[in-house]
Amino acid sequence: MNTVKGNKQLSLVSLKEKVQEETKAIYAVEKFNLWYGENQALYGIDMTIPMNKVTAIIGPSGCGKSTFIKALNRMVELVPSVRMNGTVTYDGENIFSPKYKVEELRTNTGMVFQHPNPFPKSIYENVVYGPRTHGIKKKRILEEIAEKSLKEAALWDEVKDRLDENAFGLSGGQQQRLCIARCLAIEPEVILMDEPTSALDPVSTGKIEELVQNLKKRYSIVIITHNMQQAARISDKTAFFLDGQVVEHADTTTLFSHPEDKRTEDYITGRFG
Amino acid sequence: MNTVKGNKQLSLVSLKEKVQEETKAIYAVEKFNLWYGENQALYGIDMTIPMNKVTAIIGPSGCGKSTFIKALNRMVELVPSVRMNGTVTYDGENIFSPKYKVEELRTNTGMVFQHPNPFPKSIYENVVYGPRTHGIKKKRILEEIAEKSLKEAALWDEVKDRLDENAFGLSGGQQQRLCIARCLAIEPEVILMDEPTSALDPVSTGKIEELVQNLKKRYSIVIITHNMQQAARISDKTAFFLDGQVVEHADTTTLFSHPEDKRTEDYITGRFG
Amino acid sequence: ACGNTEESKGTEEDSQNVNAESDGPEVVVDGSSTVFPIMEAVAEEYQKENPDARVNIGTSGSGGGFEKFAAGETHISNASRPIKDEEKASLEEAGIDYTEFEIALDGLSIVVNKENDWVDKLTVKELNKMWSSYGDVTTWADVREGWPEEEIQFYSPGADSGTFDYFSEVVLGEEGEIRQDASLSEDDNVLVQGVTGSKNGIGYFGYAYYAENKEQLKAVPIVNDSGEAVAPDQETVQSGEYNPFSRPLFVYVKHSALENEAVYNFTEYALKNAGAMSESVGYVGKPDSAYEEALQELDSIAGK
Amino acid sequence: MTVNIKRMIHEKKSNRRFLSILEKSVPAFFLLCASISVLTTIGITLTLLVETVTFFNRISIIEFLTGTEWWPFGENASYGILPLITGTLLITAIAMLVALPTGLASAIYLSEFAPGNVRKVVKPVLEVLAGIPTIVYGFFALTFVTPMLQLFIKDLPIFNALSPGIVVGIMIIPMIASLSEDAMSSVPDSMREGALALGSTRLEVALKVVVPAALSGIVASFLLGVSRAIGETMIVSVAAGSTPTLTTDVTQSIQTMTGYIVQVTLGDASYGSTTYYSIYAVGMTLFIFTLLMNLLAQYISRRFKEEY
Amino acid sequence: MNLVDKQLVQRRRKKRLFSNRIMRQIFFSASVFGIVVLAVLLYRIFREGLPYLDIDFLTSFASRFPEEAGIKAAITGSVWLMAVTAPVSVVLGVGTAVYLEEYAKENMFTRFIRMNISNLAGVPSVVFGLLGLTVFVRLMEMGRSIIAGGFTMSLLILPIIVVASQEAIRAIPNSQYEASYAMGATKWQTIRRVVLPAALPGILTGGILALSRAIGETAPLLMIGALSFIAYLPENIWSGFTVLPIQIFNWTARPQEEFHLVASTGIIILLFILLLMNSVAVLIRHKYSKRY
């Protein structure tokens, strides 16, 4: 950060924005360690996540991918035994500072999980859950939000005539897109995705990949995948995790064509995992 | 089959053996269809499985791989809604013929699952579960069996001093090898493995792959994997399943270097799945 | 007298219940919960003297006791009222011969709150007016002029108890009906609490409950048939002066069970000691002569 | 190879006959066990029915069902069961007013807010509360709750519906809390995560996601609580008095169906009297009541079964 | 393009967080309420009953003198009763559960049994008392014996055990069955060697909780006619008996104030036994939970 001091709030904010504009980083993670009880799961992670880009995270099972992105919206705190240190800065603010409201962070970051997890409510109710929760009551607005989000999630055409049906009636792929629509409805800035296609068939997978490509125009996206081809296809940046550490983090094309680290190469050529 | 008729039992048997020797097929599957309730999961499977070889089965999620190998030891019948037709011949006998004892079939075929599933008993009790079940009571013999099986499964050295400890105390990879030891303890002829390494770390995966290579000297092995590299590394034959059908079944090297079918090629180059 | 009935009924009874008819040392007693403390005291002493004895006592109520008595499940049945005609009939049907013994007296006590300083005595007639559902009494002034015009609270044992039966027969007569607004409870302790807690309360229950709570309660002297107002105490109950609320308590003994040495011994012991025992648990013994007569009767039944 | 396992297994095939007999007879034994529950129901129904029929030979069923007075003793006996039913319902209503909100709130706290170790302590403690014999609760109602209530309600008689009702409610709290908590904790965490990731507070997760998703389990626990309240015996026997009154006034003494049955079995009614048979008629009514309640509970939990 | 008014969201958040905090307190108080009641209850009981609690109390029979009264017969009776109830109800309950979970075909009869069990769970205990009185005591001529009481109690708690066992069995992952079947084990072998051992903790926990219900039940035994005074120990299952709650009930009904205190002492013993049973259940649950 710059050393300009004692100025007005406004100038500080604009300064902050400027800094971000330069780095285009929405997240900055520094020396981040995380333990589950006695077991350390993340070791000194240093990484920035660029704005309006797709960042893919790859790595073998148990290497800490999920733990890492759950740290980004502090969902990892749901595990009581978790301890952390280091900083994670979102939009210039340390998300672990005491006065930072976790609900606010999570409103700004949407999350999509490995297995689609719609609520046992109607499709419509699923989408407007977020806006409702945050105090938007007007029916007209909610309907507009629902339509817009479902369209963005490329689901509108398939469900527009059955918005009142239970979300569990949808296929897996549709459910996953519904979950995406649900998190788009509160207009987050970042979308965190934890293996969103691993439980899906190829066709649904294709749809979601396409969707991710479209969404990155307006959202910053972090996506975990165990499928190297997928990472190569859809991401701009790729980070390779191994045993709780970032082994390599680079432009996707670079990382896949010229991996710097031997372990990265072994992994992407399927030598293990 | 040959047309030699009216001869003694003995000669028929030797004939059968001869036929098998020629084709070296332990399983012959013909026009095999399978439904879960209304949904057909397997469509007219025709396939033979060679003796003392490793056959890999690959294909995207939901294509029917698990269903297929569970049909081979009739475990698929545990799902009440299953209906089947066509024949599966094991060692020359139709396993679906009414007088064929399913327990006998399953004694001859061991099975290893995706997630290690030891019993919540001691390591020793896990290994001798099978022999016990089949009526072997003598402590001395059981101990001998346990040692031999654990050695074969390359686990003996790691657990020989803690045979009385609970199997859940082992690591994932050890548990999986324990499950392999458990099925070796009844000396099956075939071992069916359903993604045995997908829940394991690279090191454990390596150990299991090595083990498979050793075991094929005395056992016929069918292994499902989602990892193409793994299939390429360890198998002699590979079958590619798609939407409940066998798209291609050939020598592993052939299949991976010169896939005949466009879909196979797409799949092994990671175009989908 | 009992010899022939014994022979004709013996086998049938044997088949009815293994438990009660076994020749073992077991004595099975059941019935009134009012009589229970007396029999318990007797049994306790008896056991001390005969460590091998096996006496057990239930508290199924007088009616429940007779039911079990008729079913052949018990040797002795306690009752806080004389046996009813239906019960006689079912015993006869079961072929059970029995004899009734009065073992003690209970002075059914009518009590009011300690702070009640106006009630000096009551007549049965007044009681009738107070307790009857036809009596339109609501305040004490309605009972007798000059008494405060404050609403009375009524506390009575549950309608299915011997005490209730006795009281309503004496006070309300055959046709009478107890007032609807009376608070009923199966538990006499609860009645004690009720009357203790309400200044204008009135209630009734067994003498033992009054004797135990003399500090908190005031027993109302009742005008007896010779016109005197008598309060319940050991003497007046035993002598019969405290009438008509001095009521007898009974045990019924099955003849065939007396064949059994254990039952005979226990019954004999009970009749010998009932007087002392009842007083130790808050009831009133009968005059000694009454017990002697009873013992003679017992011996003649058992053929000794 | 020192042992030939395969051959040994093959030799043991002689066991197969024994095994296959076992394999056939074992299910028969288990079926027998399962049939006991059916026999129990049949036993209850017959037991009640036989004596109830005798009762209705003496008292018309119309009088029984529509009569507004229950006074089964003495010369002017009347057998209208309505007062016992209203008494039962009154107790049940008060109990549920206490138990529902408290039980549900505890369940929500335990399942959604409490740290793991608090839950580990509180749940067993609540279970102890559920295990205390009801007779203990009865005296608690009479000697503690009633005097407490009398501080607030001046003319509250010593027997009233309110105090035992509240205590029955207290007794039921653990049951509702525990069962609802079970229903709520079986809602998959993925659902909570989904809501939390949208910025919901814990409260919103609980009320908008978890409770609706666990609704059928929660409702079923309510209904079980209701049938427990209907069937509760000792508390009401001790603290509600024994006065069957057709009333909705909670400060009055009442009698419940169970209270009546215990009164007669412990009391003086002679065997073969109409009073004696009346307990079976009341028992039958009680049985039908709880049966309907349970069927409703089952219907609800089937009808609104959550699918995750 | 912005439908979500960020300002509004920001403003609402304060309120939401506030109500979250308030409601959390309310829910917390509700949970505490139960515990406070328990504490009051226990305090009263201990204050009254503790002075009478000594070794003599445990080793003497009932007496007409409060200071000599003891609870030996009732404790022994309760133990005997449990000795009948526990095996009968556990065998029947587990048998039923195994049948329903492992063998039953989905047909009318199975549905009927299921319905039956959940119905029985809601039947008031007095009704079981009537059943026991009519069927066991009278019809089967068991008299007022331990066995009649034990059978009645077994039926009363049967549904609880069935449900607990069903849940325990259902919690066993499919992979355990697969592992066993894949070894060529038959169904019964799988049940005996895999299912029952794995379900045992759940079954035991459920069983103990059910038994602790049985040990505190008063009404059905009163109806069967369990005794109030008994000054010897039962010899066999055909003996008459008394149990803790009945002895307590009897003491509370006495005129003498001291007996009411003795009743509290009895309650302490009963609670102690309950607590003991509950802790065993908790221990089992704790030890064996989260195994898969």
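Just so it is clear, A, B, C, D and E label the chains in written order, and each chain counts residues from 1 on its own.
Basically, a contact is a pair of C-beta atoms (placed from the backbone, for glycine too) under 8 Å apart; a residue touches a chain by one contact, two chains touch by 3 or more.
As the structure is a prediction and not an experimental result, all values here were calculated from the model.
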Lowest number of touching-chain links that must be crossed from chain B to chain E: 1
Comparison of B-D and A-D by number of C-beta pairs in contact, larger one: A-D
Remotest chain, chain B as reference, centres from CA atoms: C
Between chain C and chain B, distance of the C-alpha-averaged centres to the nearest whole Å: 83
For chain C paired with chain E, centre-to-centre distance based on mean C-alpha positions, whole Å: 37
Intercentroid distance (Cα basis), chain B paired with chain A, Å: 39
For chain A, residues contacting two or more additional chains: 103-104, 107, 133-134, 186
Residue numbers of chain C (touch at least two other chains): 33, 59-60, 64, 187
Junction residues of chain D, two or more chains touched: 201, 204, 262, 265-266
Set of all touching chain pairs, with the criterion as stated earlier: A-B, A-D, A-E, B-D, B-E, C-D, C-E, D-E
Chain E residues within the chain C interface of the complex: 61-64, 137-138, 141, 143-145, 225-232, 238, 240, 242, 250, 252-257, 260
Residue ranges of chain B touching chain A (in the complex, touch as defined): 60-62, 198-202, 205-206, 227-230, 269-273
List of chain E residues in touch with chain B within their complex: 173, 175-186, 189, 193-194, 197-198, 291-292
Contact footprint of chain C on chain D as seen in their complex: 71-76, 142, 157-159, 237-238, 241-243, 245, 253, 262-273, 275-276
Residues on chain D engaged by chain A in the complex (per definition of touch): 115-116, 188-201, 204, 208-209, 212-213, 306-308
